[in-house]
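Input: structures, listed below.
Two complexes are shown next, each including chain A; its partner changes from chain B in the first to chain C in the second.
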Partner chain A sequence: MALACLGLFLALLLYALASGTFQQQRQQQTLAATAQEETERLAKLKAQLLRIESGKASAAGFLDPRSGTAIGNTSGVRYITMPPAPLGTLSVGLGDLHPYFYKLSLRSKSFTLNNEELENPLNLLSGPFDLAFGIVILFPLFLIALNYNLLSAEREQGTLALILSQPISLKALVTGKVLVRGGALVVAAVAVTLAGGLLFGAGAAVFPRLLAWTAIILLYGLFWMGLCVWVNAWGRSSATNAIALSAFWLGFCLIIPSALNIAASALYPIPSRVEMIQSLRTAGKEAQEQGSRLLSRYLEDHPEFAPAPAPGAPPAPAPDFGSITYAVQMEVDKRTEPVLARFEQAIAQQQAFVDRLRYLSPAVLAQGALNEFSGTGLARYRGFQLQAERFHRTWQQYFFPKIFQKAKLTSGEIDTLPRFRYQEESLEAVVARSAPLLAVLTLLSLLAGGLSLASLRKFKRSL
Partner chain B sequence: MIRTIAKKEVVEALRDGRFRWAAGLVGVLLLIALAAGTRQFLDLRAQHEAAKTETRAHWLQQGKKNPHSAAHYGVYAFKPKTALSLLDQGVDPYTGVAAWLEAHKQNDFRYKPAQDANTLARFGNLSGAIILQALIPLVIILLGFSAFAGEREQGTLRQLLSLGVPPTQLAWGKALGVGVSLAMIAVPAALLGSAALVFAGSNGDYGAAWPRFAGMAASYVLYFVTFIALSLAVSAWMKTARGALVLLLGFWVVNALLSPRVAASLSQRAIPAPGAFQFARNIELDLARHSDGHDAGKHTAKLLAGTLQKYQVTKVEDLPVSFVGIRLQDGEAQGNQAYDARYGELWNQYERQGRLQEALGVVAPFLAIRSASMGFAGTDFSQHRHFAAAAEQYRRYFIDVINQDIIQRAGNQGVYLRGQDLWSQIRDFEYELPGAGWVAQQRALSLAVLAGWTLASLGLLLLATRRLRLE
Partner chain C sequence: MLQALNLSKAYGNQVALDSLNLSIAAGEIFCLLGANGAGKTTTINLFLNFTAPTSGQALVDGLDVIQHPLESKRRLAYIPETVMLYRNLSGLENLDYFASLGTQQKYTRSQLETFLQRAGLAPDAATKRIGAYSKGMRQKVGIAIAIAKQAKVLLLDEPTSGLDPAASNEFSELLTQLSREGVAVLMATHDLFRAKECGTRVGIMKRGRLVQTMATSEIGHTELEGIYLEHMRN
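So, the complex of A and B:
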């Protein structure tokens, strides 16, 4: 029975690892495909510009292929990509809902940075079957299955008195039993984690992260083992123990997180995206209506970007379509900033509430810490989002002056177009964010351990 | 006899602290979930109504412009919330809430509510559906695991059988007892649910259709009966109450916890679907292919030659129709072909993944009830697709009206502007949710699987009670 349990646990963890690897590989393939598409497109563009420059091809047409509009918006755009999480194979975390790449454009931020991965919503609803799920949700269940009748079974079979008549203390008996049974599961979980991390992780940089994973598994396992001993020391029947431990599991893994989630959404409601879409549209509409006025205002602020008048010609040429469009885009960004900021603030407030209260459930703590050390937590995705926003501005600032001046890009400039480089967050930042989680998890484990030892003493007296 | 046995079971259940606690907790959770669901539904529907009115107003008041600019400005299609979504949100948090309908392009639904949710939302979204699909079975297990095994351990089972109580009657009595105890939670919940539904549907109604509610309720009855029969069968089969409990809890874990994730991951592998990048790239390549390779100029020249020939003229200026309009319409036709093929392919892949998961309901009835429940709630993928298809039809309709206007009236010279008279010629987007019959047809597999589980579990119960006689 115990061996079958261990075997099943190991099999599930291995399947979880395979499933996580599959997800990670899909991301890697996508990133490789974006890089290849970008390289090929830019090479083609460069060749086209070279042909035009050497007079072998004409630049005539709806849009001059050398113009900032053509290059910055379509033919020369780059991808903003975030490399896969260091331990993404172990925990999908928020990776299935948050974008890890964007295709640039000169249009507004809310338009450009609005990429969503395509996935069957049914699969998103079910959630990923990854190692983190195996550890946070399944691991305690297996610990319970192996340990719910530590003492009760012996008592029900009448062997407890017999054993205790031997020269062995109750404490030694129970800790010995729980550590052997639980220890086997812990070893299985750590082994699969280390194997997964070393085989599929991002090289030597993952060692400290794997160490943290191991510590979390140990602490979390210790918590549940302590709880099992404590419930056994109540001296009830095996069936009651099983029900009580299932109730704890249900409480920590489902009911507390759900209750917090409901409270968070009720106390800090997030404004509707539907309303946001409408405000963005209104802002866009207003900006559009003032198109040419916006351009002249922009050129008043930045006279250096005004197109140079041809010698002898009248100074102010009529603004072209491209210039107006981008003056409008900038105005849209400016006007929608407060709407988007309000949105982000509401989300952040709700998240802060949840962050304050997540200490109520060790399962939530463990999941949060595992995500952090995998690189699939909220902070890393937010960080990527901010870097992407900054780079989108860099991209606009590179092209807008060229568009306003009606400058033509040369083939040489294609190689030097701004390039996004993702700044991976430092391990120190990860550790700093996870430290309170780990501290409270340690505290809870010690508490459960202490409680179990104290209750054993009481149990012994009652014998 | 059956009634006496049932009465005894109910009295015992009521005396059992574990049941009182569990039932009380589930009842409170159900109340909270219903209240939160109703509130959310009313909020969302109000927002949806406002947005729908506003997007129409934006469309009508866009002022004088070229009709093609208006087509680019477009409208938004906002996905309506069904009244039954307050019980079962289904995949709604994971599909976008709005699609932009514009010229040339079929856009995806954007803004998944789950993306904005806090990090706990994935952990536990305690909706009415989860309580009904996962927690109620736990209560049933709690009620049923010791029904026979407990009596066997206490020695009363032998007594009962020696008194000549027919085992089948004993089984029916116990099943009835568990059913009545369960009804103490389920009936008030169902009444509250209907009250919420009436309340939610009272002002303007999105398929608060009672047939859907009836279909949903019937599916849950099948599911609960399955669990009652299974619990009793296992209890009759196993020697000890502990053994019965552990086996039933094990089944619960496989059913409610493992099955959805394993089914999702299996279906992703069995029926691969492209990611966002690959999908967009495929369409890009298709579009390029449709317009004679990358040489759009050649395609336009061919189109022009054809048009000139059709109207027996030699110059664009002499055409009685606008060539720009013809080009736009031609582009739409090519685009539609590519979008139909690619979106059709993608959505079929999703539906096949869903069907595979429904079929896996043979192993875990959770998968079947989940799909039946969100089907009747109007929140499954099939109905998302139904709405997305309707929105796309509307897009094609209004782009067509605009392009026809350009073709007929814009001429081939000068600036062509139109105003509200054209904008208001285009009817507003109205969507009608399919009926319960359509849902039953779509979800036939899940309903069959559920019915199969019910029959099989009742058969198992009969088999297990027949074994009792031999003891």
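So, the complex of A and C:
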């Protein structure tokens, strides 16, 4: 029975690892494809510009291929990409909710850096079948399956009397049993983690992260083993123990996380997405209607961008399509800022709420810490989002002057277009964020362990 | 070897054992007689430290069982009414497990087989699963555990109830043999005949008190039964 249990656990973990690896590979393939597409497109653009510059081709058409509008918005755009998480193969974490790449454009931030899915920003525990899921949800279930009747079974089959007449203390007996049974599962979980991390992780940089994973598995396992011993020390029947432990599992792994989710969205409701899109459209429409007025106002503010009138030439011609468009885009960004801010504030409030209450469940703590050390936690994705926003502004600031001044880009400039470089967060930052999680997890584990040993002293020996 | 000094146990207002004073020397077989609830099992549980006394002391080989729980258990072996073992393991495997718990050392297979043989278990039964064992065979495994442990004290709680006369007789002979090797035996029983037959002393308990103790060599079967019934009547 125990061996079958262990085998099943191992098989599930390996499947989870395979599933995580598959997701990670798909991500890598996507990133490789974007990189290749970008390189090819830019090479083609450069060749086209060279032909125009040497007079072999004409620049005529609806849009001049050398214009900032054409290059900055379509033919020359770059991708903003984040490399896969260091241990993304172990935990998909929030990776299935948050984008890891954007395709640039000169249009508004809300259009370019669009997070399609915001319905479940917390995504505490659902999500893909990855190793983190196997450890946070399945691991305790298997620990319970092997340990729910540690003492009760001995009592029910009458062997406890004979055991306790031997020179062995109840504490030593129970500790030995729970460590052998639980230890096998812990070893399986740690082995799969290390194998996955070393085979598919990002090189030597993952060592400290794997160490943290191992520590979390040990602490989390200790918590559940302590709970099993404590319930056994009540001296009830195996059936009662099984029900009680299942209730704990349901509570910690399902009910508390879902309750936190529900409470968070009830207390800090996220403004309707429809409303947000509506306001974006209205802002866009209004800005569009005032198109040329906006442009002249913008050029009054930024005279340096105004196209230089030729000396003695007639007054400047009517503003062109490209200039109006981007004046409008910037106005849209400005007008929608409060709407987006409300959105982000609600998410931040929800997150803060959950951050405070996640200490209620070791499962939420463990999941959070595993995500952090895998590089799939919320903070890393928020960091990427901020870097992307900054780079989007850089991109706009590079092209807008060229568009307003109707400058033509040369083939040489194609190589020097701004390039996004993702700044990976430091391990120190990860450790600093996870420290409170680990501290409380340690506390809970020690508490469960201590409680279980203390309760054994009261265990009724009347047989 | 076994000593009770003013040993008392009360559950709430219910007195289960009332200042028991008893001393059993090595090589003695002391049989506790008495009705159900007279305090026989409580006495044994106190020596096993399964329950704590309200007052008084239980000593095994001079060691207080509360203060030296492990040391005292190293010296004793316990055979309950039915020796409950792991059903899906064989007699040999059960013995191996309990002997290693009892002695913290590992016996070889042939040593274990010898223990079972000395306890009177047929050699071909040793590798069969406990599930298929009769009560008498389980008791023999219990004895084998005591032999493997080289216990100086044997505590038995109605070990022969439900055994057929032949098996019961065989069991008594095993006890006699162990006591000849210097083991002190304390046995709670309802079987007056068996008590007279293999015991060196008998004690009659009533409502938690040891009311009379006598040497079996000094009385006959009918006499013992007469005294016993006399006590039960009052």
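Note that the second predicted complex is superposed on the first by the 445 of 463 C-alpha atoms of A that agree within 3 Å, B and C clash if a C-alpha of one lies under 4 Å from a C-alpha of the other, contacts with A are read in each partner's own complex, and residues count from 1 in each chain.
We take it that a residue touches a chain if its C-beta (ideal position, glycine included) is under 8 Å from a C-beta of that chain, and two chains touch if they have at least 3 such contacts.
Everything numeric here is computed off the predicted structure, so don't read it as measured data.
Contact with chain C, but none with chain B, is seen for A:Gln166 once the two complexes are overlaid on the shared chain. In the superposition on chain A, contact is made by A:Gln367 with chain B only, not with chain C. Of the two partner chains, chain B is the only one touched by A:Ile262; chain C is not. Ranking chain B and chain C by residues of chain A touched puts B first.
When the two structures are aligned on the shared chain, A:Ala145 is found in touch with chain B, with no touch to chain C.
Counting contacts as defined above, no chain A residue meets chain B in one complex and chain C in the other.
The part of chain A that touches chain C in the complex is made up of residues 157-159, 161-169, 461-463. Of all the residues in chain B, the ones that touch chain A in their complex are 18, 29, 32-33, 36, 39-40, 43-44, 47-48, 50-51, 54-55, 58, 62-63, 76, 78, 90-91, 93-98, 108, 110-126, 134, 138, 142, 145-146, 241-242, 245-246, 249-250, 253, 257-258, 260-265, 267-269, 273-279, 281, 297, 346, 349-350, 353-354, 357, 380-381, 384.
Across the interface of their complex, chain B is touched by residues 12, 15, 19, 22, 26, 30, 33-34, 37, 61, 94, 97-98, 101, 114-129, 133, 137-138, 141, 145, 149, 156, 237-240, 242-243, 246, 250, 253-262, 264-266, 269-270, 272-278, 281-282, 285, 289, 343, 347, 350-351, 353-354, 358, 363-364, 367-368, 377-378 of chain A.
Of all the residues in chain C, the ones that touch chain A in their complex are 45, 48-51, 69-71, 73-74, 76-78, 80, 82-87, 98, 101-102, 104, 142, 145, 149, 155.
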